[in-house]
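Listed below are the structures to be examined.
Look at the two complexes coming up: chain A is in both, with chain B in one and chain C in the other.
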Partner chain A sequence: MLSQILYALPFLAQGFAVTLWVSLLVVVLSLIAGVALGVGLVYGPAPLRWAVRIFSDTIRGIPILVLMFFVYYGLPAAALHLQSFWAAVLALTLFKTAQVVEYVRGAVGSIPKGQSEAAMAIGLTFRQRLTSVIFPQAFRRFLPPWINGVTDAVKGSALVSLLGITDLMQAINQVIGRTYEAMPLYILGALIYFAVNYALSYASRRLEQRFAFIRD
Partner chain B sequence: MATSLNDTTALLDIAGVSKAFGSVEVLRSVSLKVEKGEVVTVIGPSGSGKTTLLRCVNFLESYDSGSIRIDGKEVGFREAGARQRRSERDLAAMRAETGMVFQSFNLFPHLTAAGNIMLGLIKVRGKSKAEARQIAEHWLGRVGLAHKADSLPAELSGGQQQRVGIARAVAMEPKILLLDEITSALDPELVGEVLAVVRSLAEDGMTMVMVTHEMAFARDASSRIVFMADGGVSAVGPPKEILAQETTNERLRSFLARFRASHF
Partner chain C sequence: MGYTLNFNLIWRHFDKLWGGLLLSLELAVISIAIGIVIGLVLAVWYVSAGRVVRAIIAAYVEFIRNVPLILLVYLVFYGVPTVVDLAYSAPTSFVLTLSVYSGAYLVEVFRSGLEAVPRGQLDAGKAIGLTPWQRLVHVRLPTMLRITLPALSNTFISLFKDTSIASVISVPELTYGAQWINFNTFRIVEVYLVTTAMYLVTGYALLFGLRLVERRFRAAR
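Moving on to the complex of A and B:
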């Protein structure tokens, strides 16, 4: 079994890199888009709030796999041709963005109104209120569900293999196609995914402790 | 007492301000002038519009009609425009001209006592960190909390938190300090330490408008008392005059009677 794993490792390395790259792109892009839309959902004018609400509810109501096939096979009909890699990243990002919107809404919405008012009263602008008063407090509430979502993104990135992209999952399948020894490879794959996600959870706990200033 | 109505140099000039929440009129054409250095206390039954009036002065609440000027400048709206709201940046700059202390303190829980005071000094007044720290320490000393500079709000008592709240507001050197029932959330034995700070600021000549239920404080420490009822100013004048009106002003009499009944 060990020899099979050693044989497979070089083949998996590149797929693992793709998995990390997809995950990183999805996490970063969805974080930026999700925070922007989430702030829009909490503080924006009514039309923007409705638009974000519809976006979030729609995306979260669709299975991620359907969303991915829709982006890959459906968008070309709208004259938007994406390489399979970017179609997969776009679909996963849309899905993750809708979740980040909800985390932001929950975290920012949990900060008492008096905090905004106190920040207004000393003359902070909207942007300053967000960055100096609201976000630092909301961060602690945002972090646990978000890290949870990040580990989901790493695991969910395995779906890109269905569009023929050679990520870790696809690389595992390719090696199995040659060796006809499925179990050692799947165990190895599970361990790699687990190692990444456990490291993330661990980092999250450390981060939470650092931001655990007393409240209420 | 400088209360002449023709005085156009009033530091705070509230003129005919009205506001409704839906069909409920909370402010009915309220007018009030406050001169530099005055301490004006606003009393009245709950629901009389005291707090709303105070929140209009720094535009935490908008109002439907009338005008509020500080040092001649309209607070929430652009001067010439037909009630066109100021830009976010403008509004922030106007708000920095007033300081506000809240009933529920509203300290920033993620910042230390000094950090709470430094935030506005750095972000709004453009002070360096070292300078802001120095000012924060000065004001913490003034409110008797020099030794608590690096404590988080959660580590302070209510009275201490409120004194930090006051220090945070005055450190910005506002033209007017607005105090919104600042002792109402405090245990009775902590009220004194907070009022002592307010009194010392009054002695320094800080202009203040204070909504309060502390009648003894209103009587002893204010230049004028404003009695509000049903969204309007029912009586205004020096404490002695106001208390003397108890015989002629039916609303004032019933307010004070109820007040005495509940506070002995």
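Moving on to the complex of A and C:
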């Protein structure tokens, strides 16, 4: 049993690399899109605010699995042909973007109104108010939940196995298909996911304590 | 080449989606009921236990929270029967998994709820001569449940969405029904549009219903 698992380790490592790569892509792309849309939700004109609100509430209201199947099987009907890898990344990114939008809204909304009023009183322009006053403070509120959300991205990436992408989850299933050692391999897989995510949530908790000095 | 929407085949097989939705709700309700029991017992035990028990409960919570649900579903359905002499159906296996999964989240919810019960209430209970058990059942738990109700309904709605994972072990819930229609009729866009709408309507109906319940039982400030 042990020798079989040792034999499978390089294969599992390849799968693990795919898991990390998918997670990294999703986290980075959703950060860019989510911050842009989140700022639009807070400061944008009414039509944009409504559009972002509908996008976020719809995406967060359906299971991530349904979203993934919709994107994967549905895009070719819209004459868009993506490889399964990119379809999976697109679906997970859409889902994560909706979450990042809410983190941004929460973080910016938590900054007391007096801050932007004071900035207005000393004559800062809208852009200066955002970049020099609001964002530096909101960033500290944004960071802990966002890092915690990164663990969701790593966990969510296990679903790409259902589109036939050989990530860690799929690699484990394939090794089990050959060796019939289901329990040891699932536990090994769980421990690998646990190690990555626990480190991330630990970092999130430390940052939250570090930034706890901010008061309203 | 254009794609023309045609919902006829969806309505012909709509029983797959409707029955699936009912099963999704059933799975979520049974799982949260068991999860609440697990969460309550472990949370009450946690706040009064010594270091070792606390460490074990914390390990359970952290392990479940940091592992993908789909892996836990596979582990219970394909893994556990290889080492334990047990046989169970896919729905049972999924309910088992989702209960243990929701239990881990609810331990945290109830634990922070128990700590949020004002100290004065417990002292008042002691002052009128209630035993520790009476203080728990008549003072601490009712107040804690009122405090944790919003978190509880959020957990339920997120469990309802998590039931879609049951499709990977062929439990015929809503997502499985959608896939069945997808593969058998190829009305792909239509079936996922209808399925999305069903998840959204059910999810938001649950949300508004539970918000009403919360308003009725809001904790006194």
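Going forward, the second predicted complex is superposed on the first by the 198 of 216 C-alpha atoms of A that agree within 3 Å, B and C clash if a C-alpha of one lies under 4 Å from a C-alpha of the other, contacts with A are read in each partner's own complex, and residues count from 1 in each chain.
Operating definition for what follows: a residue touches a chain if its C-beta (ideal position, glycine included) is under 8 Å from a C-beta of that chain, and two chains touch if they have at least 3 such contacts.
What you are looking at is a predicted structure, and each value in this text was computed from that prediction instead of being measured.
With both complexes brought onto chain A, simultaneous placement of chain B and chain C is permitted, the two fitting side by side without a clash.
Using the contact criterion defined above for the overlaid structures, shared-chain residue A:174 touches neither chain B nor chain C, since it reaches no partner.
Applying the stated contact rule after C-alpha superposition, one finds that A:132 touches chain B and leaves chain C untouched.
Seen from the CA centre of chain A, chain B and chain C lie at an angle of 110° in the overlaid model, rounded to the nearest 10. Judged by the touch definition given at the top, the superposed model places A:114 against chain B, while chain C stays out of reach.
Number of chain A residues touched is higher for C, counting chain B against chain C. Looking at the shared chain after the overlay, A:124 reaches chain B, while chain C stays out of its contact range. Of the two partner chains placed by the overlay, neither chain B nor chain C lies in contact with A:204. In the superposition on chain A, contact is made by A:187 with chain C only, not with chain B. This overlay, made by fitting chain A, leaves chain B and chain C with a least C-alpha separation of 27 Å. Overlap of the chain B and chain C interfaces on chain A comprises no residues.
Every residue of chain A that touches chain B in the complex is listed here, in rising order: 112, 114-115, 117-126, 128, 132-133, 136-137, 213-215. Interface of chain C with chain A (complex): residues 1, 3, 62-63, 65-72, 74-75, 78-80, 82-83, 161-165, 167-168, 175, 178-179, 182, 188-189, 192, 195-196, 199-200, 203-204.
Listed in rising order, the residues of chain A touching chain C in the complex are 58, 61-66, 69-70, 73-74, 77-79, 151, 154-159, 161-162, 169, 172-173, 176, 180, 182-183, 186-187, 189-190, 193-194, 197-198, 201. By the touch criterion stated above, chain B contacts chain A in their complex at residues 58, 60, 88-89, 92-100, 102, 104, 106-110, 119-120, 123-124, 152, 154-155, 168-169, 172.
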